[in-house]
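Pasting the structures in now, so scroll down.
The two complexes that follow have chain A in common; it is paired with chain B in the first and with chain C in the second.
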Partner chain A sequence: MNPTIAMITFRAMLGRRRALLLFGLPLVLLAMAAALRFTDLADLDTTATILQRFGIATLLPLLALIAGTGVIGPEIDDGQIMYVLTKPIPRQVIVLTKLVVAIVLVTLFATVPTLVAGLLMSGMTAQLAPAFAAGVLVGGIAYSALFVALAVVSRNAVTIGLLYALVWESLLGNFAPGARSASVQQWALSVTDALTDASVVRSTVDLPLAAALLALVTAAGTALAVVRLRSLTVASAE
Partner chain B sequence: MSVLTLENVSRWYGNVVAVNGVSMTIGPGVTGLLGPNGAGKSTLIHMMGGFLEPSAGSVTLDGTPIWRNPDVYRRLGLVPERESAYDFLTGRQFILAMAKLHKLPDPGAAARRAIDRVEMEYAADRQIGNYSKGMKQRIKMASALVHDPPVLLLDEPFNGMDPRQRLQLMDLIRKMAAEGRTILFSSHILEEVERLAGQIEVIVAGRHAASGDFREIRRLMTDRPHRFLVRSGDDRALAAAIIADGSARSVHLTPKGLEIEATDFQRFTWLLPRLARDAGIRLWEVSPSDESLESVFSYLVAR
Partner chain C sequence: MTVSTIHDIGYRHYEGRRLGRGYVLRSLFVHNLRAAYGLGRPARAKVMPFLLLAVMMLPSVGSVAAVAITKEPRGLIPYAAYANILQVVIAIFLATQAPVLASRELRFHVVPLYFSRPVGHLDFVLAKLAAMTTALLALLTLPVTLLYVGGLVTKVPDSGEHLVRYLTALVGCALFAVVLASIGLVVSAFTPRRGFGVAAVIAVYMLSSAFVVIVQGLAEMRTNFTLAGWVGLLTPFNLVDIVQVRLLGAPRSSAAMPEGTLAGMVALAVCAALVAGSTAVLYARFRKAGLS
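Our next item is the complex of A and B:
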């Protein structure tokens, strides 16, 4: 961790217009939860459906995409990364700091809102709210590592990330069960499933496998980002 | 005293060769890297700055390779050509952050020194996004100076500056060179390089075309056959007069006029009007047909 890099990254992330998305999406979730709570429609099933559909399947990947690519992608595109790279700082420190910032942002804007929304709707019933929050947290870590790596590797990280999250995980997952098992979302859901007694949450991947895959994706993403940053070629003006 | 050494450095992108077998040694003082746009100057500077791997050959600073060696940045400062710094920071915050990233023992003092150095104290608390081009260039300079490196690389530092800013920056670069630093800057403008650089390295089409002090380079660039296109009242008679005088290597009679290749630029420009007057021929047009820097450069390459 390098506090200076973290400071610059936080300021860049929260100062940009994209930051509005960071605030906007969780607000929608919280507003929905509050509305259901006050109309007394929030039974356990509804809570689970909303947290799964909106929390894990939408809020989590989108926020992780914004945070994960945002902490490093624009800096590479605009060339400011030169100011960080021309310092005697090991490249893994740079990547880890960026990753931690992304995870903190995802925690603040996805995990915490998921927990609050869950508590609003069902309280501590069946441990549903904390279980979903835990799922979003571990999913957020894996997604962040994935998207940070993507942003170092490709100038089209946002597009590729969106295609992965929307087409692969959401659309294809509905048709092909195999594709569904190979998705960060499902692994996050496995963690949630294991932590709650509610029978409405059902994942297709066993917990040990899901946990191993989450750890693997996180480690591989981080390693790839470090390797690629080490030999980052700055686009020449010519 | 630090020395940058390039040995037989080449860089290609796919099939395109951007830099081709360049060897040079850059020591203390100001060295100008001169060449037309697209000649490979930025590619070279990127390799010297550790942002591009040489496809062949080696780039070293005092014997240690630069590529994939972040430790080299303790002794190297780089001012990139791209304008963008962290626009949301003030100048002072930016330089202080750079000092901290270098893990300097007293980052606050180092930042103050660097800001003083580029005379940006008066604007240090304004956001970089609101700086003029010259101010941005100076704050970028301060960011490269904050750790007091013996080697400084500047990629097209004068681009987009007004004459006053240009003079200020030249002054600053001269002062830093006088302290024994090794400074390399790139430019496509001969006059800039001539005024500032003790040593000039000319790059054309990826090749190291010439090397020397400004007198040598100036001589290379003027002592060469110059081509002129001349239209006159009587091209044939004029051609005969020029050939008789012997100051031209060749004279072509074309429908557009006379194409003349002069061997002695000064003598020819002095002589032509007199010849025409003596022969009673009216000159309609005298235009140098290859005066662009590119053609000067390509002459140097072909030589």
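Our next item is the complex of A and C:
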């Protein structure tokens, strides 16, 4: 961890109007939760549906994509990363710092809102809210590592990430169940499934396998990012 | 000792032919349209638009092949439903290519260079809007046209009805293209930082559709079908589908939509307001950026 890099990255992510985008996304979830709470429509089924569709399937990949690629992608693109790389700081420290910043952002803007929305709608019933928050947290860590690695490897990181998160996980998942099991979303859901007594949450992957895969993806993503950052060629900005 | 002299080379006015506003519009349009598919830029910029175009074509190729082999005309994907079925791919195309048109000049602060020439603010914005619309139109109509031609080649019955449906779908595609282009350009014009424009456009699409799907689910569970239908106005794909189905008589493909021709008129009015509003916002945005 390098505090200076962390601070610069935080400032780049949250400076000026950019923070509005990050604040706006969870706000929709919270507003919806509050509206359901006040109209008394928030039973356990509804809560689970909303937290799953909105929390895990929309907010989590979207924020992880913004945070994961945003912490390092723009710097590589405009060549600013050179000012960091030419300092005597090990590459793994740079990658770890960027990854930690991404995880903190995802936690702040996805995990905490999911927890609050869950508590708003159904309190502590069946441990649903904390279970979903835990799922979003572990999913967020894996997604962040994946997207940081993607941002180091490719300049089209955001698009590739979108293709994975939307086409692979959602679209193909509906046609091919095999593709559905190979997705961070399902593994996160599996963690949630294990932590709650509610029967409405169901994952296609068993917990031990999901946990192992989550750890594997996180480690592999971080390692790949470090290796690729060691031999980064900075092309001129287009 | 050096002697410096001032040469009077005179100031010469340009007295040749002026190419005029139409030429400006056409040049900007062609430039932006090429940029939307990465033409005239490095190969790296061409990968994504053409990859997405290929992904967009795949289901239509598969559908035509299935009809050719099984001789079962129902295997052909309905023309008007095509955009709705593949909305994720279209949204990703919009998200990756709209910032190319709307954010790059803002990011590098080169907008004033355009306006130091006889380029009107409105012309500049209209050219961008038209270029993005045309790019999306190509993405939408190519697979639909392939479906239609495939249907003709495999001799699907009722060719007259198919022609009507095909033309209806083309009108629908045009509406999809202009509505999506205006939303995408406005959002990316306000997020010039690299990568953020893409995320912001896709966020608007994902949030609106997730919101609508959830509200529709809740409303239908409580048999409130009116609410379930009208809330569809809030997401672009459902909005245009309402116009297609209620005004043009296309077969419906969205989960829920309001009844009657009135709903179609309202949806069309919302589309028109969206496009007009976006043009106004883009006009103000680029006008301001042109001053700095």
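The definition used in the following text is that the second predicted complex is superposed on the first by the 232 of 238 C-alpha atoms of A that agree within 3 Å, B and C clash if a C-alpha of one lies under 4 Å from a C-alpha of the other, contacts with A are read in each partner's own complex, and residues count from 1 in each chain.
Quick note on the criterion: contacts are C-beta pairs under 8 Å (C-beta built on N, C-alpha and C of every residue); 3 or more make two chains touch, one makes a residue touch a chain.
What you see is a predicted model; the values in this text were computed from it and never measured.
**Q** Mind checking the superposed model to see whether chain B and chain C fit together on chain A or clash?
**A** The answer is fit.
**Q** What is the contact status of A:Ile8 with respect to chain B (first) and chain C (second): first, second, both, or neither?
**A** In the superposition, A:Ile8 touches chain B alone.
**Q** Can A:Asp78 be said to touch chain B (first), chain C (second), both, or neither?
**A** The answer is both, since A:Asp78 touches chain B and chain C.
**Q** Applying the document's definition of touch, where does A:Thr49 land relative to chain B and chain C: first, second, both, or neither?
**A** second
**Q** Write the angle, vertex at the C-alpha centre of chain A, between the C-alpha centres of chain B and chain C, to the nearest 10 degrees.
**A** Seen from the centre of chain A, the opening angle is 70 degrees.
**Q** Given the touch rule stated above, what does A:Ala142 touch, chain B (first), chain C (second), both, or neither?
**A** Neither chain B nor chain C is touched by A:Ala142.
**Q** State whether A:Val152 touches chain B only (first), chain C only (second), both chains, or neither.
**A** A:Val152 sits against neither chain B nor chain C.
**Q** Per the contact definition in the header, classify A:Leu232: touching chain B only (first), chain C only (second), both, or neither.
**A** Only chain B is touched by A:Leu232; chain C is not.
**Q** Should A:Ile89 be classified as contacting the first partner (chain B), the second (chain C), both, or neither?
**A** A:Ile89 contacts chain B only, not chain C.
**Q** After the superposition, pull out the minimum Cα separation from chain B to chain C in whole angstrom, please.
**A** Checking C-alpha atoms only, chain B sits 11 Å from chain C at its nearest point.
**Q** Show which residues of chain A both chain B and chain C reach, each in its own complex.
**A** Residues common to the chain A contacts of chain C and of chain B are 78, 238, listed in rising order.
**Q** How about chain B: which of its residues touch chain A in the complex?
**A** Where chain B meets chain A, its residues are 18, 37-38, 40-43, 46, 49-53, 68, 70-74, 76-78, 80-82, 84-86, 88-89, 97-98, 100-103, 143-144, 155.
**Q** In the complex formed with chain C, which residues of chain A make contact?
**A** 17-18, 21, 24-25, 28, 32, 36, 41, 46, 49-50, 53-54, 57-58, 62, 65-66, 69-70, 73-74, 77-78, 155-159, 162-163, 166-167, 170-171, 238
**Q** In their complex, what parts of chain A are in touch with chain B?
**A** 2-5, 7-8, 11-12, 15, 78-80, 82-91, 230-234, 236-238
**Q** Can you tell me which positions in chain C touch chain A when the two form their complex?
**A** Interface residues on chain C, with respect to chain A: 41-42, 44-45, 47-48, 55, 88-89, 91-92, 95-96, 190-191, 193-196, 198-200, 202-203, 206-207, 210-211, 213-214, 217-218, 222.
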